[in-house]
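Encoded as structure tokens, the structure appears first; notes follow it.
Which chain is which? They are A, B and C, in the order written, and residues in each are numbered from 1.
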Amino acid sequence: MHTLSVKTPRRECFVDITREVARAVEGTDAVLCTVFVPHTTAGVTINENADPDVAADLLAHLAELVPRNGRYRHAEGNSDAHVKATLVGSSVQVPVAGGRLVLGTWQGIYLAEFDGPRTRKVHVVAHHG
Amino acid sequence: MHTLSVKTPRRECFVDITREVARAVEGTDAVLCTVFVPHTTAGVTINENADPDVAADLLAHLAELVPRNGRYRHAEGNSDAHVKATLVGSSVQVPVAGGRLVLGTWQGIYLAEFDGPRTRKVHVVAHHG
Amino acid sequence: MHTLSVKTPRRECFVDITREVARAVEGTDAVLCTVFVPHTTAGVTINENADPDVAADLLAHLAELVPRNGRYRHAEGNSDAHVKATLVGSSVQVPVAGGRLVLGTWQGIYLAEFDGPRTRKVHVVAHHG
């Protein structure tokens, strides 16, 4: 298991971690890797890495679906972040071949921060067939 | 593969299954485990296990996003549960090291019931590197 | 790794790929398989395969939550598809035993197309314990 440390600059943002995940499987004979976020107010997702507007749209639309100031019981002011974490999910899987991630042309791996800024951990686990 | 049997007390509830999943990988040299729900009106998710209000907020917010009495074609009265199952997902992955789940401080694994009360199955599959 | 090619007939549709995924693990001693979609405007999910109204409800409800003509920055007219891809997810896991998928009675695996019609790729990776 490889653990990355990722700084998130704002309360809500997507941080592209594709390169760091790629490095964790480089030179291995893994067939798949799992990227896992050990947090409950952040998630991980795969989406377009070419146009940064896609990540901005995702954050804006999630904020519409799960407003920060909704009626929540949890009194820490980050209930929206918990709901978004479950909608987005805490892990992704990516096939690996020849020591390289098998991602589609437009795919990047994003840490989805919903309650930053913070330093987050991301675990990368390789599967060897 | 280990199969758990989980009783869900209400139509909509989160049941903490962290301890049961942990037991399934105890003493193994697994590096990861997959928790899979073989149902279409329930899911599995990872979220905060300290304050039960978080799970309550999640259920309440999902009910707002996917109302029970929306306009659905499927005539069994549980269409909301099917939609929520896809939003939440049917599996989670958790890294394992030294026979123990590598979860974050606040993370717990929850069976997400959307059409109970029932007895649900949960499969736990260990990956050995 | 097995790669399927899947034709999607409409802009938004669910295509049942259970049989093709089952074939990819047939006769193997895999304990789990991962189904991965290398696209950013499509996803993969597990839901009911008996009543086609369930898939129709899912598409209709996702279209309500993430309208095609919302206020998006990304100017390609498919921002809704990117948001839905993250909500649904880019991979699913299914336990395998005796060369067969261990799915629940009502479960089927669906490629979720949100920006078709197209020909999509789906990667199936087997895990051998």
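Methods note: a residue touches a chain if its C-beta (ideal position, glycine included) is under 8 Å from a C-beta of that chain, and two chains touch if they have at least 3 such contacts.
Quick caveat, the model's predicted, so the values are computed rather than measured.
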Make each chain a node and each touching pair an edge, then name the shape: line, ring, star, complete, other.
complete
Look at both sides of the chain B and chain C contact and report whether the same residue positions are involved, with over half shared, or different ones.
different
Centroid distance [mean C-alpha coordinates] between chain C and chain B, Å
20
Give the residues of chain B touching no fewer than two other chains, as numbers and ranges.
65, 87, 89, 93, 127
Chain B-facing residues of chain C, complex
31-32, 45-48, 51, 53-54, 56-58, 60-62, 65, 87-89, 92-95, 97, 102-107, 127, 129
Interfacial residue positions of chain B with respect to chain C in the complex:
1, 34, 36-40, 65-66, 70-76, 79, 82-83, 85-87, 89-91, 93, 121, 123, 125-128
